[in-house]
Amino acid sequence: MSAFTALLARDLHLALRQSADSFTVVAFFAIATVLFPFGVGPEAEVLARIAAGVLWVAALLAALLSLDRVFTVDFEDGSLDQLLLNGQSLTLMVLAKVAAHWLTTGVPLIIMSPVMAVTLQLPAEGYGVLVLALILGTPTVSLIGALGAALVLGSRRGGVLLSLLVLPLYIPVLIFGTAAVEAAITGMPSGPMLSVLAGLALIAVTLCPLGTAAALRQAAE
Amino acid sequence: MSAFTALLARDLHLALRQSADSFTVVAFFAIATVLFPFGVGPEAEVLARIAAGVLWVAALLAALLSLDRVFTVDFEDGSLDQLLLNGQSLTLMVLAKVAAHWLTTGVPLIIMSPVMAVTLQLPAEGYGVLVLALILGTPTVSLIGALGAALVLGSRRGGVLLSLLVLPLYIPVLIFGTAAVEAAITGMPSGPMLSVLAGLALIAVTLCPLGTAAALRQAAE
Amino acid sequence: MGTSDTFKTATFSGENLTCRRGGRMVFAGLGFTIPTGGALVLRGPNGSGKTTLLRLMAGLARPTAGRLLWSGAALEDPEAHGRHLRFIGHLDAIKPAFTVRENLAFWVAFWGRDDGLIGRAMEAFGLAALADFPARLLSAGQRHRLALARLVASPAPLWLLDEPANALDDRSLGALTDTIAAHRARGGMVVLASHGADLASGGATLALDKFAPTDAAQWTDL
Amino acid sequence: MGTSDTFKTATFSGENLTCRRGGRMVFAGLGFTIPTGGALVLRGPNGSGKTTLLRLMAGLARPTAGRLLWSGAALEDPEAHGRHLRFIGHLDAIKPAFTVRENLAFWVAFWGRDDGLIGRAMEAFGLAALADFPARLLSAGQRHRLALARLVASPAPLWLLDEPANALDDRSLGALTDTIAAHRARGGMVVLASHGADLASGGATLALDKFAPTDAAQWTDL
Amino acid sequence: MHRFANPTQFMRIANAIYPWAAGLCVLLFAAAIPIALVFSPPDYQQGDTVRIMYVHVSSAWLMMMIYGIIAANSAMFLIWRHPMANLMAKASAPMGAIFCALALITGMLWGKPMWGAFWVWDARLTSTLILFFLYLGYIALSDAFEDSERGDKAAAILALVGSVNIPIIHFSVEWWNTLHQPSIIKDGNMSVDPALRLPLFLMMGAFTMFYFAVLILRLRSELLAAKIRNARLSQVADASAPQPAE
Amino acid sequence: MQEFFHMGGYAQWVWPVYGLAAVALVGMLVSTRRTLKSREREFENLKANRKGAP
């Protein structure tokens, strides 16, 4: 078994062992989405109008919260030092960790999203594109988030600092993600937005792991 | 100097030393608020309609992020054990920590809120009540949050679990906080809502520190 | 209280202490008595319950059965018991952002002692030169010495020390031995877990492996 | 690679190593050579730079000046160097949710060794009985032994051990000494920081306080 | 009191109760279901939707009663450290969560034909939703720790603090004027048609007995789990028992 | 009979309620019994092994 699969398997295994974890990400997503009608009021038209945006913002914030700990635990218990010492490409290790993060948080979030869309009274035309957009967008979210998490590793108040670094980088995903859903609702083609999301994912998957690896090596020093 | 003031002074001192901290909470608040126009679109009427709700939700989420670490650091470096061993009431210690948290995050948030209200095109009548409601509401947020933080201390994925526990308990603050602002905007009296907020703060200040102290003692065991 | 004062006469003892952690019995029927000026060295192989017993003695954990006594009176309130003791465990309660002096000063203020002893505490553990050095830059042994300096900076009659010799160089080991001796001479009590060095000459020894419960006791219980 | 095989002949050395941390010079002009089967014991008071030097040797940190050589060739790529060594520091890289065996198995798979040695590693450090015990329940010494068991489970020629004797009871100390001797007999190299016990008989000793820069050097250098 | 703290004694009593609870449950359901679905008349206002009430109100009653039981047992567990109290609370929580979900869903399915919307943000609905989240929080918290004892205690504290919500749910229809139906029993005189009352009470009784019967099964199961855990741990302990000093 | 299933025009609301309730109750019962049975078996196994052990 190569180091990549060993690490991916370990992270998935850990997530399963601590089964409450991906469940709590989904729960945060649900709660944050549910908070909005409280704040904004229950009028169906207003809700439907902002549904796509709220869903995306809630998904980003949920991902953000879970990202906080992608590397922290390994850093604090010394695993990171050992991960650096395997004599192989660190970038590959980063990809394994990001893949595990996406599988345990991004995927449950995608599965959950149609249910939350009902709560927010999203028009039925939007559902398919919402799910598609999330499938294309959440990997980018995990990749950028991992970079941010690596950068703030070992700093005080990592969580808050992380948001500061990462949320602005999420803005393109947010804009095109919601635009795709809105296009679908209003009967316009949502293909262009979805391909932009795919493009963003491609850029992120080539650039972010390199930066993350460099940041991790700094953190260990 | 009593233990209470010593602890309060230490926490404020630490926050100052690590000056990035309260700044990052405010920054998260700002970014989360700014994300909305991206998600929802820039139309002024829609924004004004949801402004109060979005501000409150953003404030709650910002507080939540910073709460994650109220006790974690002390727990992980062994300070909590020592705090438990001072031969005095633990409830008082909890109050000192909550006070420090509120002073370093709640207060900057209150100061920041009118600026963010402008961004979201909140009608001018709402400003005063918004600030008042935040002054009455943020202590409750800190108190409930501290309870949640103490409960999840040492658990896996504390941050996400914390949200799950605490966000639902924030719902009343959110409802009455936004209702007060909306009342002010529509020219209705906002007094009743503000007094409910004050009542919630009273309940929280009597119940939460007790629960928090009990949870902290369990965490050390 | 200055370093030259003596402590009030007190004894610390435990009766029939039993402790279960995570459903498994760690030790059972354990008793001890520490007289004024006495020392108790906890020995036993890894996993025999030394750390568990120290936390129990500090009131941080509660025994499953049995009780602790302070000068013959049963301890009911763990909060009040905290006043009698200093506990130095594996975690050092040091804030990396504060300097060595600030770290000490906070705990002294927090425990309500006056800060006249801080200088002396730093000297006792060879930290005087590092007084204004941020704690995050300290080496493992220096950090551990800073944790130990609390014992001198803010006196209390009972010291509970979990493997205090860890990471210390020879010179610091000598300083620790001297400090313990001086504390006992003032009527203080010391309990320490140790695998190697003899830090408290003339103290009693408690071998924890003797109190491991028999198999049957574990099985029937619950 | 089974335990009975020997390692390829290799030497590990450092030339003129200088390290500055946070603006302060820790040591300067330090050199060492470890032959095949050799051992180097780092000694020195707290803060003399033992941990710093070990992390340097592991490639986790880079020296301010000087260089490391593997069999005479300068090490440029820290990633490739990782393959030569096992580093056991103060942090033990143990996942509390995994059992003892799972913890070992992960690292063995990660480092690309086959898992035939896991059983033997657990036996070497008295962990066989705890194999299916979740690591979260281990005591300080048991955890440390689990960390050390990686040395046996996944062999590598160079061992870098930071105060490996910490928290170990007498029996485990014996096991560690034996393991180190066996490793050296196979041509392995060991560097260890230690304040007390002699874990590598016949090894060279490096007293780090000798390389502390003079005060003047610290001051002018920046 | 102490008698109930001893697991063996407690289970002896519980096992004696079990056949009665299970039998009563079957009998009550046998009576309640035909009456609720066939023999009771439709409401003059709500028509046949009133048949939803029998399930809705019964689940709502159960979710509140179970929360009360959890809170009381949590207090006993925290104060006297009775292990049985902890098991009671732990075994009840998933059932409470399910009844709470059932109350929410049946309420929504009733709300659509009655109010024209599945959901409105009124005080009772909101506080019920909060109760559901409290249940989820309780369950998540109690298994979020490496050390299960710690999880039990943290969850117990949460249950106690959250009990503030129960009176809010019950009195919300009086404190705030809302869409939701007011209390059935008010000042002793029943606002519900007597013909509707009989199936309601039968159904509530059946649900309650169901809870007690299943609870006893769950308690047996939890106790077994604890025994298995102990046996596992002590097997390990045998093997790793401190080695004799050399 | 027809009328019974029709529920005065509210069939689509009433029947799901009873269906869900049935699923929830039966589900609770079945899952509880299943874990109980499996734990009983496991415990018996453990006890048997133990007796065999020295």
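We call the chains A, B, C, D, E and F, going by the order they appear; numbering starts again at 1 in every chain.
Basically, a residue touches a chain if its C-beta (ideal position, glycine included) is under 8 Å from a C-beta of that chain, and two chains touch if they have at least 3 such contacts.
Keep in mind that what you see is a predicted model, and the values were worked out from it rather than measured.
Enquirer: So which chains are sitting against subunit A and subunit B at once?
Expert: E
Enquirer: Which two chains have the most contacts between them?
Expert: Highest contact count belongs to chains A-B.
Enquirer: Where the CA atoms of subunit C average out and where those of subunit F average out, how many Å apart are those spots?
Expert: Here subunit C and subunit F have centroids separated by 53 Å.
Enquirer: Rounded to a whole Å, what is the gap between the Cα centroids of subunit D and subunit F?
Expert: Their C-alpha centroids are separated by 55 Å.
Enquirer: As a quick test, compute the distance in whole Å between the mean CA positions of subunit A and subunit C.
Expert: 46
Enquirer: Two-or-more-chain contact residues of subunit B, please, as numbers and ranges.
Expert: Residues 18, 76, 156-157, 161, 164, 167-168, 171, 175, 221 of subunit B each touch two or more of the other chains.
Enquirer: Give the residues of subunit E touching no fewer than two other chains, as numbers and ranges.
Expert: 121, 126, 129, 133, 136, 140, 144, 146-147, 227, 231, 236, 240, 243 - these are the residues of subunit E that touch more than one other chain.
Enquirer: Out of subunit D, which residues touch more than one other chain, so two or more?
Expert: If we look for residues of subunit D contacting two or more partner chains, we find 90, 97, 170-171.
Enquirer: For a test of understanding, state which residues of subunit D touch subunit E in their complex under the given definition.
Expert: The touching residues are 96-97, 126, 128-130, 132-134, 136, 170-171.
Enquirer: Taking the complex as given, what residues does subunit B use to touch subunit E?
Expert: Of all residues in subunit B, those touching subunit E are 147, 151-152, 154-157, 161, 164-165, 167-169, 171, 175, 203, 207-208, 211, 214-215, 218-219, 221.
Enquirer: For subunit E, which residues count as touching subunit D in their complex?
Expert: 146-147, 236, 239-240, 243, 246
Enquirer: Using the touch definition up top, name the residues of subunit F that touch subunit E in the complex.
Expert: Touching subunit E: residues 4, 7-10, 13-14, 16-18, 20-21, 24-25, 27-29, 32-33, 35-36, 39-40, 42-43, 46-47, 50 of subunit F.
Enquirer: Can you check the complex and tell me which residues of subunit A touch subunit E?
Expert: So the residues of subunit A touching subunit E come out as 18-20, 23-24, 27, 31, 34, 37-38, 41-42, 119.
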